[in-house]
Every structure is written in C-alpha cells, then in structure tokens.
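Right after this note come the structures.
What follows is subunit A paired twice: with subunit B in the first complex and subunit C in the second.
Let's look at the complex of A and B:
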C-alpha cells in the first residue's frame, strides 16, 4: 500500500509551476473555490472523522470504564474507573497481565524473526531478479508476488493443510527420515528446544525465580513456539513478494554506470553489494523495515483463523488478545486498553527505529 | 588481467549463472507449490487428501467439495463479498478523487491543516481500530447492516493521498483552459481532470478491490448475522469446524481456491499497471 502511496510521489516542479501559473483572481471565484474545496473534501473527511477519529475517542472512554457489553456505554451503561484497566494489565499480578505479557513475548519473537527474514529474502530475490539478461524475469516476479495479493484466510487454510499432522511438510520430513512435530499443537519454544538439544531441560534457578512483569526470565527466553513458527513462515512467505517489488523498483533506479564504475575499480560482487548497492538502497531499506515492523505488531488474521492463541497461549498476540478480551469475554474496558497499549508499542518502536537508523547516518 | 575479464556488462560467470537460476527456480517452487497443492487437493476425496497430501494429482477426481460448498451458504458469501467490495471500490474512487483534487488544486483556508490531519490519521494501525469501529457502528445502529460493513472501509486516508499526489503531477494548463471556457469547478473536475487520472484511478481500483475482498477484521467487528458473512469471515467460520465431522480439507481448500479467483483475475489483468506503479515507488 505504502509503495503505491509513494508511487505517485510529490513532484515539486508541478506545484511550483502551479503557483506561478495561477494568479489570485477576484473574490467571487476565490469564494466559490473555497466552497468547492470544502464540498469536495467533505465526504472523505466525514468518513474519516466518523469511522476513525470519533471511534478512537469513544474507545479512549471505554478503556477507562467498566463497560461489560450491556447497555449504552455512553449513556449510563458504563462507569468511570480511572486507570483500573491499565493497572490490571501492567501492574497487578493477575491473569490479565500474564496474558498480555505472554502475548507481547510471542509477538516480540514473531517480529524478531519475520522482519529481518522477510527483508533479507525480499532483497535477495530482488537482487537476483535485477540481473541483466535474465530469462523468465516476469514469471519469477509474478510467482513471488502472487501470494501477496491473495487473502490471508485462503493462505491460512492452505498452510493448515500443509502443516497438519500428516500433511505435506511432515510427509517430506518423513521421507527425509525426520519426525515432524504436530505443528499447531506444539507449545514448545524454539530456544527451549535448542537448549534441550544441549541437555538443558530445566531452567537454572536464576532464570526461573526472577523475571520481569510477572514472567520469569526462562519464559521470556522461550523463543517462538512451534505453532507460532508456522505463522512466522506463512507471514514471511506472503509478504516478501511485496517488499521484493519495492526493492526491485529501487534497484532499477540505480544507474548502471555506478555499478560499472565499481567493477572497473576491481571490486567483487560482495563488495559492490555492501559498499555500493546497500548504501544506495538505504531509504528503501528504511521504508521496508518500518512497514514490516508496523505490520508485524498487528498480526491478527492468521491467529484468528489458524490457532486462536493456542496451544497454551503461545500464539496469542496483543491484537488478538484485545479482540478476545472485548468481543469474547465482554471486558470491553480491558480490551480497549490493550488496543491503546498496542498502539503505544507501535509508535514507540517506530520512533526508536527511526532514531537508531538516523543516528548511524549522522556518524557517516 | 582476471579482474578485467570479469567485467562483462550483463554477463555472469557460469557458476554464478547456475547459482542464480537455481535459487530463483527453487524459490519459485516454494511460492507456487502450495497453490498447486491447493488446486489439486480441492478435487480430491477426504481420504485421498489425508493419505496423499503431497501428490497434487487426485487419485480419484471428484467435485464433491464444490457441490457441498454450493449447498452451503458459500454463494451468499460470494455475493456479499462482491457487493461490499464493489461498493467500497466505487465509493473510494469517488470520495478519494474528489478530496484529492480539492487538496491538490482548489485553494481554501485550512487546506494545509486538513492535509496534515489526513496524513496523521494514516498512521493509525487498523488493528487498533477494531473495538472503536464496533463501538461507533453500535452507536449509529449500523451494526449488522451492509452499510455498517461498507462505510468504515470508505475512511481511506491513503487513497486520498494517492489521488492528491497524482493530481499535482498533472499540468494545470488543461483545466485552466476549461475554466476559461466557462466550465464550473465540478464540471472541470468531472469531464476534464478525472479522465486524465486514469492510471491513478486504476491503481486505486485494484488496491481498493483487493483490500476489501481480502478484508477480515472489519467484517468480524461490523456484523454477527451469518447471512451477512463475507467470503473471508464465512470461510474462516468453516475452518473452525462448523460443518462437523472430519477434517474436510478438500472442502476448505476448494473454498480457499474459489475465493482467490476474483483477486487473481484482477491481479493478472492489471499486473502491468501495478508493477509499474510500484516501480515509481521509491524515486526520491
């Protein structure tokens, strides 16, 4: 989407021309133009206000209320409870906080794997497709991009089939002599499993007895569960195509002479990639990482269809938890509060990422 | 010497060539194979799909899954999806191009502030809006109605942005000529500017149709009635096993296949435009 947004990106020349070309006219025309301006923008603005701005204000009220889904939350059906919902989620050691912390842990590992892997894969595919004199470029590009245009619901069904107990993936693993797990029923964390390979099955006391926000360090360090790993694979598979197209567009904007000059200077392919191509792709890389980060903290559809947070809550994400808490358990105040916390997480991380990447620019 | 020999514009050493094509083909298999298996398995019997998941060719071809879907609510879901997606697409084309044109061309007080506000709104993640949307639909008595399913998707700041940027790229001389000839503002917009905006309108159409056809969360929070299920919400309910016994993979895969066809058609028809659209993407 954002790719398309930038697609028709601002052309300063055009607006400059307009400013010069049009001199202010008589008040009557001006007045008519102003009226038309408001009239033209009215429908779009009305929709945005009614279905975006007002709802956020309503949800802000609900997040500090005790609305339980009965009666009108804006007319006596709900009472002001201050920050109770937020403190239940953040400071009190109950189920609410335990679930939220678990969902954040899950989503954190999801982001940690999906964002770098999809970016690297997209970049790799784009670089491979950008070679000159490549046969079948159009075919490959279509093949990689097609999953991005299909619905998550359809893709999720296909993946449920591929990763079912006796499904495609386990059949292949079986042919290779390995025993595939029961993917969607396996809550074991990847890092825990890896430690198990080295004989660490029980947590050291230091990790088991201490923790943060009511979750032990051992549980923080579980890694994504096997079930979550399938969702991670699905996400990388579906979104890498979009980002590949964005990278491909950027690569095609690098003039051929730049690469040729680097070749004449006697650089090898890897040096050119690191010293020439990557620095020139920096703005694109930033765009892809930001879009990836924002999208990954919103993972909902896949969880809703494939796992509903199971097994043992290891595929819960904040987005799904807020849905479950409000629509499922009718605790609307708490659900809305989770939404706002998620919003805060996304904003903070985006700003942080921006800061980190800018910092390095300044050092250059 | 060898350094100089490696300079071959457009050429690749044989090893690099094999590695490039090898990995491109391997990845295209990874991207295509799931769809091939989806296609083949939807013509299988339940037992066949479970016993031979990897082989995409059915041992015994059957249309049972499709017959079963036809008897379920599937045709209704299809109609709902089509109706909602077409309405959203038409609405967005009209609203976004009107607003985009005004923000690009018409001078009025507050235009800059309005545009900044629209940009700010774009940054709100859609998942955060699930509960808020439900609250407002409930309040307006639009919950469980087609209008309630369509209207929230018409709030499309990104589309306004696309159209504004496009209109700014059109030279104003043409509309000025029309205005001098006495055409009113709306007439100039409708019969002179809008026809020139065809590329942007195609992009907006494809994105809107695809987006609303594939939309799930909006239809989870805006309706409850089974008769208002769209393909996404309806098929999602199939997965949670409302049909009872067995895993019924052929049925689910057939549903997934059928719901993919319309977006696939749109994709293949407009692919060239879309790819070109993205290719201007990161021009600075």
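Let's look at the complex of A and C:
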C-alpha cells in the first residue's frame, strides 16, 4: 500500500526527469523504491528460497545420485550417476517401472473422477447457496465447508471404519439385500467389473498382448479399484467444500443486473447458467480445475493412512510410491526421480488444461 | 522521507544478511554432519531408544526395563515409541542423528547392513549362541551375526474348538500332513464359514513351500529359487485349497486379516503367528481355541516361518559401547521372560524355553516350531519386491502358480543384480 502511494507520488517527478534527459541509474527515488520492494518481499522470498527452492535443488541432486540415505547427500557419500535412476523407472522393464506405471494408471483414474465430480458438485452447491431466498444459508454453508476444515487424517480413519468388511456401509447394504465388497481389500477395477457384468472376464488378445510402458492395455483400462473408489469418494466429499467457497465468492461478484437482463431477454434458468453464469465464472473455473488437478496428482495422505498402496498396488500413487521407494526401500535416488516425473506430469497436464480452457471468444 | 528510506535500506541489508546467514547455517549443518567422525547417535545426554511398539503395554515394559538399567549402571536412557519406525529411522540416519538403539526388522536390517550403517556387536553380548538359529540367520550379514533378536514369533495352526467338536472331530484328527489338513478343512467348511483362512501375502504360501522342501533365497541373498518345481507344487496345493473352498483369504470372508476372520468364526482354522493370542484375548475372549504345530509336507518335512526384530545400533554411534551394554541387559534371558509376561512375546533365547513353556502352556506349539523355523523372507532393498509378491499371492485363487512364481523369480533376480 505504501509503495503504491509512493509510486503515484513519484510519477510526475519521473516524467519530469525523462523530459530533462538522462540521469544516472540507480539514484533517485525510484532506485530506493526497488530496495524497499525487496525489503517488503524479503520474508516471503526468504521462506520460498529456504523451504522450496533449496529443497527442490537438493532433491534434484539426490535424483541423479546414488545417495544411500546415510548421512549428508552433499558430503561425499553420494556420487553422480547421471540418469540411471530415471532410466530404471522408464526404460528398464523391471518392478520399478511396473509400479510407477501402475501408480500413474491409478492416479489417472483418480484425477479423471475426482476433478470433474468435485468441480461440478462444488459449483452445484455454490449455485444452490447463492439463491437469494434460502432459509438457513449460514447453516448449509458451514455444513458443506465442514469436511474441508476437518483433518484428512480424522476423516480417513472414519472412512476406514465406515468401509471396513463388517462396517456401517456393508451393514446398510446388507439390510438392503446387497452384498457389499470388502472395500479396502478389493483390487478389482470398476471397468473390469462392468465388463464382467456383460460377460467379459478375460481380456481379448489385442488388449492383453499389447501395451504401453510394459503394462498391457487391458490393465491400463482396469478403471479405479474398489479400494481406490472409496478414496475417490472421500476426496470429492472433502474438497468440494473448499471449491464451493471459491465459486460462491465468484458468484457473488456477478452483478444481479446481468441476471435480470438475461431474464428480460427471455432466457430460462439453464440458458442463464450455460450462457451467462458459466462464462463469467471462467477464471474461477480455471482456478478450481488447476488447483484440483495439481492436488489430485499429489494425493498422498489418504493413501498413507487408509491403504498404503494395497490391495495389490491398486491405490499406489506416484507421490506415495516416491515415499515408499525412499523411506521403505531406501532407494532415495529413485524416490526423488519419481517425484520429478510427477512434477513433469503435473506441468504438462496444467499446460494442456490451460490450452483447452483458453479464451476462444476473441476469434468469433 | 530520507531517513525512512535509510531505515528501509538498513533493514533490507539486514534481511539480505539474514538470508545469507540462514543459507549458511543450513549448509553448515550439513557440512558438520558430513565431516564429523561420529555421525549417528546422540553424543550427549541420555541414550535414545526408538521402538516400534505394539501398544502401551510394550512401551511401558521397555521403559521400565530401561529405568532398571539406569539404576544398575548410571547410564541414562530415553525410550521413545515411534509413530512410524521405518520412516523415523530413515530420517535419523539421513540427518546423522539415528537413535542409539532401535528395533529393526529383517528387511531393513539387510538394507542398512548392506550400506555398512549397522554396528556388528552380537559377539559382545553374553552367550550369543543361546539365540535360536533361525533368528541368528535373520540377522547375519556377510557371515557376521550383527545384531541380536529381541524376541520372535512363529506360525502355528489355530483351531476353533467348538467348530472342531461340532464337526465330529477329535484330537486324533489334528492334521499332521497336507492331505489331512485338506480333509479337515473341507469338513469344517459349512455354510458361509471357511475351514481354513490363510494370510493373503507371502507368509500364506512360504510355509507350504518350505514344508515341500523348497527354498526361496539363498542364505547369502545372492541367488533366488522361487520358480523351482517344489515351490510350484506347494503353491499349487494352496491354490487347490482356495479353489475348492476349503481355504479362503480374509477378503473373501469380509475380514481385514486372518486373525479377525478366525476370531469372528468366519473360519474354523487359521495359520497364524503368536500375535493371534493378544487379539483373541482382547477382542474375542469367548472363543475357545487351541494352537497346534503346522502339518508336514508330502515328504514329511516340517517347517514354519519365524518373524523377529533385532536391537539395532548405528555403526557410527559415538556411544555404542554404552548402547551394547543396554542391549545386553534388554536381551538377557531374565529380562526377556519379563517382557514375555508383560506383552506376550516369545523370548529369543533357548535358555528361556522351559520357563516360557511353563508360563504359557497353551502356546507351546509356537515354540515347538523352533527347530525347523525358517526366517521370513528378507533382502536388501526388498520392501517393494516382497510387497509385489504379496499382491500376487493375494490373487492366487485366479492365477497360475507357475506364472506367479516365475514373475516373482524375475523380480528377485533383478533385485539381486541391482544389489550387486
């Protein structure tokens, strides 16, 4: 704020200076402003450098080293090994690649279901809460936001109880005459199960014998496992509250006149939503999708608490696999390499999403 | 105006300096760790002991034992129960601040021993020959018995007595061979109840493999023989049990693990370790059951698996002599009997066998397995390879044993090659 005022005050002086001709750089009020600017940002910059940039650089070094996890990775115990850790994960057909590919498949289905569903649910809740005549709005807003402020650990443990073999969910299903699965022990994929309903139990040869990165197409097309589905439901439920709040803030920024004008133009509710509200929410939608996408590719705590990658590795995610490889298996280089591959995936998908959601109206 | 900006400039320089110093101090911290001769352990204050506790009873018992040790020797000890032992240990080693004494499982043992991070102190412990052979082999690296086992468990066959009598079976029917096991399991399978529930991981098949004269990894961890014909035969037998409905994995019975399925009487028998005893007395006290030794394979070979942890000491620990004294105290025959009474473990010393059998007559079957117990599967960097083996076993009912074992063989061969 202070800097802004100073900037405004300095403007006439600066133009006068330009009119007079050259002045030595760095002097004058503008130069001091830069120093002050750095001062004001120093705490944030400091935090980012110490807790983000430096650790990232350290991890980058570990990912190309053979650090054993004993002592300092910068103290001569670790040696540069080039891209060995990356090639073990990508080009050699061993267990390391198999698990990475499986974790990416799992996480892909997780993202595919969580991001759209939580966005739609959040938007739906926000629109519902934005209605001007709604009794108990404060109550609903709190209720919907509640899962987001509760700790993931607590919610995960409650879900463990709910979905245990003889838990509440299966008891209710039993009362309804259905036989619930052993949620956290069922590695069957939803798409495979769906195909099973239509009598397809064994993969056609074309899918079983061909694949990508050492995983057959049949396994790529497994869909999320039953266990993963529980984690998906949990994630949608917990995060949609946060995004609802973001949508709600954006909705309240849309002037009522716009909607009134649309009503005057004879639009129905769906047309107003589709043609007026949604386009005006585009920046917010982009924000929510981006945050959702990034958060979903980094899913860790639910897996860590609820399933540890089990059953049969169907809830492994790259973030958890990186942890497992490093801490469990003591292969720190490979673990760090997984996290950089995950970083690459997130960057590529975010750029892709930005491209797909770009402003296209200008061309019309 | 001028003075204000002057202040700002001073502050900016100050902040920049702070940034530099903090960067220095982090760098310095690492440098100091790397150059110091004694990396691991605490150099001052009490000895630190990190345990992966099974519960409050164990934490209390170990803390009390440590206090008694302090009283005797004057060496102060702090016992900490880890939230996540593997992770905290890894953090400790990375930061050169590993605890002076810690619980260590056989797989982590292999990994740390391979890196030379463990102090081989077992020969300094009184009467090291007293420990059971299977346990010594679990904690031997490069022919050196490195750290001493704190206690152990073996697998036995637990039988629900009321199911047993209801099926018209008597003590004479207790299975001693695979075929008898299969036939009683079939008799005990009624309604929704399975005759036998097996652990859905490698421990569910490895005991059958050893009973059939098969092997998994060589003692030096340099060769693997998962796909041998004996192994295929043994795993095929387990598959037959599963497909005939005589045996089931816990998931098929809507149970989290085999002990739960057994306790809730969703299965009449289970192959399980000593840990069942605690679960049964706390969660299912009304269920009457007994534990017998595992049946032998077709050629009469008896075998069971053993599970254990050792007391680890970091190689670079500056106070390892004191740490060895503490371990010597904690692993003594007398102290182990105290632990056995307080949280139900089986002492790792043979000299405790008689006293333990007197104290826990219903659990003798677990101890009877000691002459033919095989150490549970362990290899350096093997966590993920073993858990992959586990996942494959969990799907045994619908897979081909031969393919399963050759996949496992390939994975372990790759790991052996990687370990060099």
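Going forward, the second predicted complex is superposed on the first by the 310 of 364 C-alpha atoms of A that agree within 3 Å, B and C clash if a C-alpha of one lies under 4 Å from a C-alpha of the other, contacts with A are read in each partner's own complex, and residues count from 1 in each chain.
Quick note on the criterion: a residue touches a chain if its C-beta (ideal position, glycine included) is under 8 Å from a C-beta of that chain, and two chains touch if they have at least 3 such contacts.
Quick caveat, the model's predicted, so the values are computed rather than measured.
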Return first, second, both or neither, reflecting whether A:327 touches subunit B, subunit C, both chains, or no partner chain.
both
According to the stated criteria, A:32 is in contact with first (subunit B), second (subunit C), both, or neither; which is it?
both
Touch check for A:176: first (subunit B), second (subunit C), both, or neither?
neither
Looking at A:356, would you say it contacts subunit B, subunit C, both, or neither? Reply first, second, both or neither.
neither
Which partner does A:99 reach: the first (subunit B), the second (subunit C), both, or neither?
second
Which of subunit B and subunit C A:205 touches, first, second, both or neither
neither
First, second, both or neither for A:197, with subunit B first and subunit C second:
neither
If you stack the two complexes on chain A, which partner ends up touching A:48: first (subunit B), second (subunit C), both, or neither?
first
Going by the contact rule stated at the top, is it subunit B or subunit C that touches a larger number of residues on subunit A?
B
Touching partner for A:59 - first (subunit B), second (subunit C), both, neither
first
Jot down the residues of subunit A that show up as touching in both complexes, subunit B in one and subunit C in the other.
32, 35-36, 38, 43, 45, 50, 54, 72-74, 164, 166, 326-327
Residues of subunit A touching subunit B in the complex
1-11, 14-15, 17-18, 21-22, 30, 32-38, 40-41, 43-45, 47-48, 50-56, 58-59, 62, 72-74, 124-125, 128-129, 131-134, 136, 139-147, 149-162, 164, 166-168, 171-172, 237, 241, 245-246, 248-250, 252-253, 256, 260, 263-264, 266, 269, 283-284, 287, 294, 297-298, 300-301, 304-306, 308, 319, 322-323, 326-327, 332, 335-336, 339-340, 342-343, 346
If we count contacts the way the header does, which residues on subunit A are in touch with subunit C in the complex?
32, 35-36, 38-39, 42-43, 45-46, 49-50, 54, 68-77, 94-96, 98-99, 164-166, 170, 180, 182, 184-187, 309-313, 324-331
Along subunit B, where are the residues that touch subunit A in the complex?
3, 6-7, 9-12, 16, 20, 23-24, 27-28, 30-32, 34-35, 37-38, 41, 49-50, 53-54, 94-96, 98-99, 101-103, 105-109, 111, 114, 118, 121, 124-136, 139-140, 151-152, 154-158, 160-162, 165-166, 168-173, 176, 185-186, 189, 200, 203, 207, 210-211, 213-214, 216-217, 220-221, 231-232, 235-236, 239-240, 247, 249, 252-253, 255-257, 259-260, 263-264, 267, 271, 275, 277-284
Complex contacts: residues of subunit C adjacent to subunit A:
5, 8-9, 11-12, 15-16, 18-19, 22-23, 26, 30-31, 33-35, 39, 86-87, 90, 93-94, 96, 108, 111-112, 115-117, 200, 250-256, 260, 264, 316, 381-385, 387-388, 391-392, 394-395, 411, 414-415
